[in-house]
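In what follows, a structure is listed as structure tokens, so that the remarks can point back to it.
Chain naming follows the written order as A, B, C and D, and within any one chain the residues start at number 1.
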Amino acid sequence: MTGAPPQIPANEPALGYRTARTTAKVAGVFSVVFLVLLVANFIGTSVIGPRRENHLAAMKAALREGEATDEKLSEIRQLDLRIRRNRIWRLDFAHKTGHALLASIVVFFVAGKLARVLNKRLPRPEHAPDVGVEQIREARGARWTVTAGLVILGGIVALLVINEAPLAFVVASGTEPSPVAAVEPNETGPSYASMEEKRVQWHRFRGPGGGGVSLFTNIPTEWDGKTGKGIAWKSPVPLAGNNSPVVWNDRIFLSGATETKQEVYCYDAVSGRLLWTGDVPISPAVAAAELNPMEDTGRSASTMATDGRRVYAIFVTGDIAAFDFGGRRLWYKSLGVPDSAYGYASSLETYEDRVIVQYDQGDGSEDKSRLYALDGASGRIVWEAKREVPNSWTSPIVVEVEGKSQLITLTDPWLLANNPADGAEIWRAECAGGDVAPSPIYAGGLVLAIEPYSHLIAIKPTGQGNVTETHVAWTMDEGGPDICSPVGNDQYVYLLEGQGLLICCSVADGKKVFDHDLRTDFVASPSIVGDKIYLLDAEGVMHIGQVGPEYKELAKCELGEKCHASPAFVDGRIYIRSLENLWCIGGPTAVGKAD
Amino acid sequence: MNQPQGKTDSGVVIGALIGTAVLVAIGALLLVDSTGRGGSGLSDAYELDAVKMARFDPNLIACHEVEPAIATGFARSRALTLDGEGRLYIAGDKAVHVLSAEGTLERVIAVSGEPRCVAVSSEGRIYVGLRNRVEVFDAAGERLAAWEPLGDRSFLSSILVAGDSVFVADAGNAVVQRYDKTGKAINRIGEKDPTRDIPGFLVPSPYFDLALAPDGLLRVVSPGRTRVEAYTFDGDLEFAWGENSIRIHGFCGCCNPVNIAMLPDGRYVTAEKGLIRVKIYDADGTFQSVVAGPDQLVEGGAARVFENAEDAEASGFDVAVDAAGRIFVLDTIENKVRVFVENQKGRSE
Amino acid sequence: MTRSSHTLILFAVLLATGAAAFGLERFPPPQFETDYVRPTTTVPNPPQGFWEYIDAGVLIVTLFLATYLILRKRSRRWIFALMLFSLVYFGFFRKGCVCSVGAVQNVTLTAFDSTYAVPIAVLMFFALPLVFTLFFGRVFCGAVCPLGAIQDAVLIHPVRVPRWLESGLRLIAYLYLGAGVLFAAMGAMFIICRYDPFVGFFRFGGNWNILVLGGCLLLIGVFVGRPYCRFLCPYGVILRQLSRLSRWRVTITPTDCIQCRLCEDACPFGAIRKPTEPWPAKEYRVAKARLAFFLVLLPVLIGAGGWAGYELRGWLAQIHPQVRLAQRIYLEENAQVEGTTDASDAFRATGRPSPELYSEATLLRDRFGIGGVLFGAFVGLVIGGKLLSLSVKRRRTDYEADRASCLACGRCYEYCPKEHERWKNRKERLGRS
Amino acid sequence: MVQRNDDVTRRRFLRDGLWGACLAGIGGVAGYAAHKSQRTDWVWQIDPYKCIACGNCATYCVLEESAVKCTHVHAICGYCKICFGFFDPEPYQINEGAENQMCPTGAIRRKYVEDPYYEYTIDEPLCNGCGKCVKGCNAFGNGSLFLQVRHDLCVNCNQCAIAAACPSQAFRRAPADHPYLLKSVDHA
């Protein structure tokens, strides 16, 4: 041993030790006093305060019932003042006492520690017992305590497992409810949303009527995905898909799929949180069918649709399912694996409590194409219309013509109008050929249909039977996009070619008004919001133009991610699905000051 | 450790101290309030108990509900009126729904904006008040006219056709505007005018209703004064009645009643928000009976409105009366119309 | 402001608040005849964000300083001074929030909640102490953590906690960590913050129960060195394991151990390990068998833990307010309880159908099932691993600080005669120069 | 001996590997979080449309005097003569006498502006966040009174104690650059 540690004297406590000890004791006493004061104050606040308040309340009640005198009034006011003053005084007292308590405790510990240091003694190791044995014993002891801990834990677990957690609602919610139970409990209202309700939502591909026209005018025109300006939130979408978001109030729905999984997602419009994920099974027939959709189509190109109560999704496999807004799957069925050259891509539409499926497949010779209306609550087929047409990639629209609903579908070569109530055909016109993908729209009282690479044709939807000879309003031969659907209002109709050529015609006569080359690629369809046209290119840049006789660019907003899906425009917000994320544009979630 | 003397003694003390501390700590931990039922910590004296406030003598209820309620088909319904044949005209969202007396939807009239109020003339014309303008439709739903919009401050909340005049209650300007049937302004009623002893309407929220009484006078609600005022068509204030009280005989809150309707015999039906209650007052303004109280009218009772800002804002129920004296209540929370019939009448029929 | 921006704001409010698509229309306020001016609503902004970065900067500086003081300067006084500074700055001045211990949950929530992202400063509070521990041992615990500091400051009369008890109690910390991460991941609550025993002292207020809990822990801390750090701290558990791998660490002696035994009782945290002695021959045989048994037991424990965690999902889920609410609503709807609560009233006031709530809560319960499996398996792993490590013979020739348990407080330095020699030498060297 | 050396090297290799793995793990977690991270901090705030004014804000806050206070947006206020945020449900008279007030701390001031309007302002230091007035104003009036977390008082706990006790889950984390969720007006 070389050199003893300093400041450790032999046995005599160092100078000041006693002072430190006394200080510590005094500080300790003070601490206790302050603590008692605090507790007393707390008790006073919670016991005496309410008693006085009740007295006050009784006096007030008496005042209302009986005769009021100035004395009574002033008595009440004085008591009221006393109560309020007392409350403030007690708060203040607690605050001060708290600080005093802290100070005395600090003094106590400083003095205590000091005393300890001053009274430090040289360590005198006792005779070491057999270290080896001791270590073995220690380890054994520790093992036993850990084992004891294990046993205690096991006991608690056993106890809890035996007494099942009180989660009675689990039974009520049920994971796989029967279709009977799934019928909306809403007994008074209709089990579907009215057309009027739908008009202010975005319940299907390209919004109400499928025309890409939003009734809202408060849609943002400025954002930047990189800096986050104007972005309310963005949330990752687990599985890829080219389908577009649909919106009902504060819920946003979209789907995604891989070869092994088909999922439906519901997001919260407020937070962007993924509220639930729904699974759609893949029918066993798919494995045998060697389904091989084109990569550009993907496995979930069909946009979902909702009737305000339930939401429906169909996938490239022909598997269709319905969910309630809480994420329960109501039913599921396979419509048979579709025989589609590029992969099935038609989106869904809803009519009353039905979901409409355009199911065109094959080459037209095998009698396989159908138009279905399924019961939204059960999935049962309400009606089906056979049609001798080959596969198509357009989406059905339900429009109101002269107060009656028409279900319009575009195929090769027929543009067909059916009665959505019973499926009966109303009229048909021969107008397109080849592989049709752009969906028909209804604008300016005309149904407009595109034949890719060829022309745009306008049909008056007022006829009966074959109207090819009688009801063609005009044809515009200056080109036809192969993917993007047209968009139009009462004055203009716009065509957007995949490479960025925007053609504008007059709805009245089909005369070209202008064309304008945006020089970038497009997959998403254009939309009109008020007097603005929104064009989302494949790189995620939104070109916002003025609707009018010439193209005037109003703004250009970048998202910074590639986009294939058409955006949804609802009530101050735009929902855009990029390849990876769902974006909500429309300012931050928190809002600035009121004026 | 290095405690030469008194080792065992201090050991016991320390052990006891630690043991106590451990027990107290565990106790404190287990007793941490995780219920969220602490409330404001104030005594009951300061309680604002909606249920207590909503309470009234159930014997005062002199009506019963008939038929199932009629769905409006709106997400946000706003106003209700009836025509001579008992058809219901309900304004909501961006349309007016015309329902047969049995409650089947007959016609949907699309309106260019959100309608706030609706009235039907004897010849079947439909006058729809939007935020600051009036649109006129024929019975088939064809738009006949759109009157010149009023200013930005305007906020139309009620409309009434009486004889050749159309009266529009403008809550934003707190005045009743009288038009002829072509939309030409005739005069303004109820503007503050000390010379005519008119105090001016007080309209703190977008509820401002008027009705035509069998005596030929207009009845206009001045909600901020919790009273009903009677005016001639030329704007002379004849009389007024109404008392502010949370109790059943008065109008509660700061701006009630929100809507009124006149029974064929000249009695009033009033609707209040906040504490949603529909009551009947006799022709001189004396409280008579209750049609329905908060517990009958709102699922979840009075507390629901107190606890939900959205429901509170939608709690201005509209009332209408048909020729037979049936009382129609437009539930703007659940978006349906409920029908009530007075008990005596029900029996005598 | 333009009219359209007003509308935008309104709609944004509606969306932000989850109101239905229809507008809650506003109504023009009264027009005043007098020249009364409507006051504007002013709302004070939160303290500037730069404080966070100052905090992070102070954290880095204190960590480096602590490393220097502990590993190079080897001065208990300086370490104590730095510790007091940390206590005053991170604790009393910055009110103890955010701390590294709680930051575990923020990072977890980031991974599981798409709407939440941990602020950079909080991320630094989480990651920096871990990195430092990986290099230098638990210097964070020694002189930077305000929770450790407040306990260290009150330690006056250390008593020895038997090894067996210490090993057993430490399991609580692992359970706490697992639960903290689980509940943060599920978005239920930050329990580590909610039950933080000392933060109430830093803020001069808080839940009374928690204050009492903190007071008790401090009272215990007068005798038992840093009870929270040793038996409860969930972050300490991570630091423990990382510290086992640290590049540099606290050594009792600056040179080599002369087995003088003076430091034997120096550590109030029981972190000084004695040199080992060879086991008796028969012990080896038993030890081998035991080791084999525990090796087999480990996967069994993990499996059993996972199973138990899954089975307990219903109980675990109940800490989530949504699940409790669903349960309450169900009971009320089926007339199994009397009356209503604020929560159930509030739910009913939203007008949402209860089945929707049930399926949401069931979904949550199922997610707790997955979380429970992982949580249970983790606990199984910890217990199994603990039993294994207690059955392995370690070889130590000197007195040394246990890598995992050493809190780097520097108390043992002055007990080592070699240290005094170093001081003397340095003084001499200084004197010569 | 040779074997022992092997053992030691193997151990060291294992230990180094583990060390590297831990460092990489921390880096990975930090990297992932940083990738998602935002520069702004989060603060707690009350969604006024979810708040049911249960009163918990007055008692559950860790501060002695709650950081939640009543906020009044005058742009929404109707300047009612009879304000049920101010008056007792059954006031004896319509004046400012203590016997007629509802606020337990007398934190609302009523001031005559002109016939028939009265201005109401919150005396913030007195307000304890109990939400009595919020309930009254919501139910009967325009809802211009509502509770907000005042960020000059709030210490921004990582887990807000009131949020944990909020029965309507009205508390949520808001970005620090938009720290308030005010009710707003559409005067368009």
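The criterion applied here is as follows: a contact is a pair of C-beta atoms (placed from the backbone, for glycine too) under 8 Å apart; a residue touches a chain by one contact, two chains touch by 3 or more.
Just so you know, these numbers come straight off a predicted model, no measurement behind them.
S.K.: Give me the chains shared as neighbours by chain C and chain D.
M.R.: A, B
S.K.: Please tell me whether B-C or A-D has the greater number of C-beta pairs in contact.
M.R.: Result: the pair with more contacts is B-C.
S.K.: If you take the mean of the Cα atoms for each chain, which one ends up farthest from chain B?
M.R.: Relative to chain B, the chain with the farthest C-alpha centre is C.
S.K.: Distance-wise, how many Å sit between the C-alpha centres of chain B and chain C, to the nearest whole number?
M.R.: 52
S.K.: If you average the CA atoms of chain A and of chain D, how many Å lie between those two points?
M.R.: Computed value for the inter-centroid distance: 23 Å.
S.K.: What is the distance, in whole Å, between the centres of chain B and chain D, each centre taken as the mean of its C-alpha atoms?
M.R.: That gives a centre separation of 30 Å.
S.K.: Among the residues of chain C, which are close enough to touch at least two other chains?
M.R.: 4, 6-7, 9, 13, 16-23, 25, 27-28, 30, 40-41, 43, 157, 204-205, 207, 265, 341-343, 345-346, 349
S.K.: Considering chain D alone, which of its residues make contact with at least two other chains?
M.R.: Those would be 48-49, 52, 54, 56, 60, 64, 73, 75-76, 78-79, 90, 104, 142, 164, 167-168, 179-185, 187-188.
S.K.: Please set out, as single numbers or ranges, the residues of chain A touching at least two other chains.
M.R.: 53, 95, 123, 200, 271, 588-595
S.K.: Have a look at which chains touch which and call the overall pattern line, ring, star, complete or other.
M.R.: Topology of the interface graph: complete, with all chain pairs in contact.
S.K.: If you look only at chain D, which of its residues touch chain C in the complex?
M.R.: Touch list, chain D to chain C: 15, 18-19, 22-23, 26, 29-30, 32-34, 36-43, 47-50, 52, 54, 56, 60, 62-64, 71-79, 113-114, 117, 119, 121, 142, 148, 150-152, 154-159, 161, 164, 167-169, 173, 176, 179-188.
S.K.: How about chain C: which of its residues touch chain A in the complex?
M.R.: Touching chain A: residues 1, 4, 6-9, 11-18, 20-22, 40-41, 43, 113-115, 153-154, 156-157, 162-168, 171, 201, 204-205, 208, 258, 260-266, 274-280, 283, 301, 308, 311-315, 317-318, 323, 326-327, 329-331, 334, 336, 353, 355-363, 365, 379, 383, 386-387, 390-391, 414-415, 417-418, 420-421, 424 of chain C.
S.K.: Report the residues of chain A in contact with chain D in the complex, numbered from low to high.
M.R.: That would be residues 53, 59-60, 63-64, 68, 73, 76-77, 80-81, 84, 87, 91, 94-95, 271, 588-595 of chain A.
S.K.: Can you tell me which positions in chain D touch chain B when the two form their complex?
M.R.: Touch residues, chain D against chain B: 48-49, 51-60, 78-84, 89-90, 94, 102, 104, 116, 128, 130-132, 135-136, 138-143, 146, 164-168, 183, 188.
S.K.: Once bound in the complex, which stretches of chain A touch chain C?
M.R.: Its residues touching chain C are 1-6, 42, 95, 98-99, 102, 109, 112-113, 116, 123, 125, 128, 130-132, 135-136, 138-139, 141-150, 153-154, 157, 160-161, 164-170, 172-173, 175, 185-186, 200-201, 218, 220, 232-233, 235-236, 249-250, 268-276, 324-328, 570-573, 586-595.
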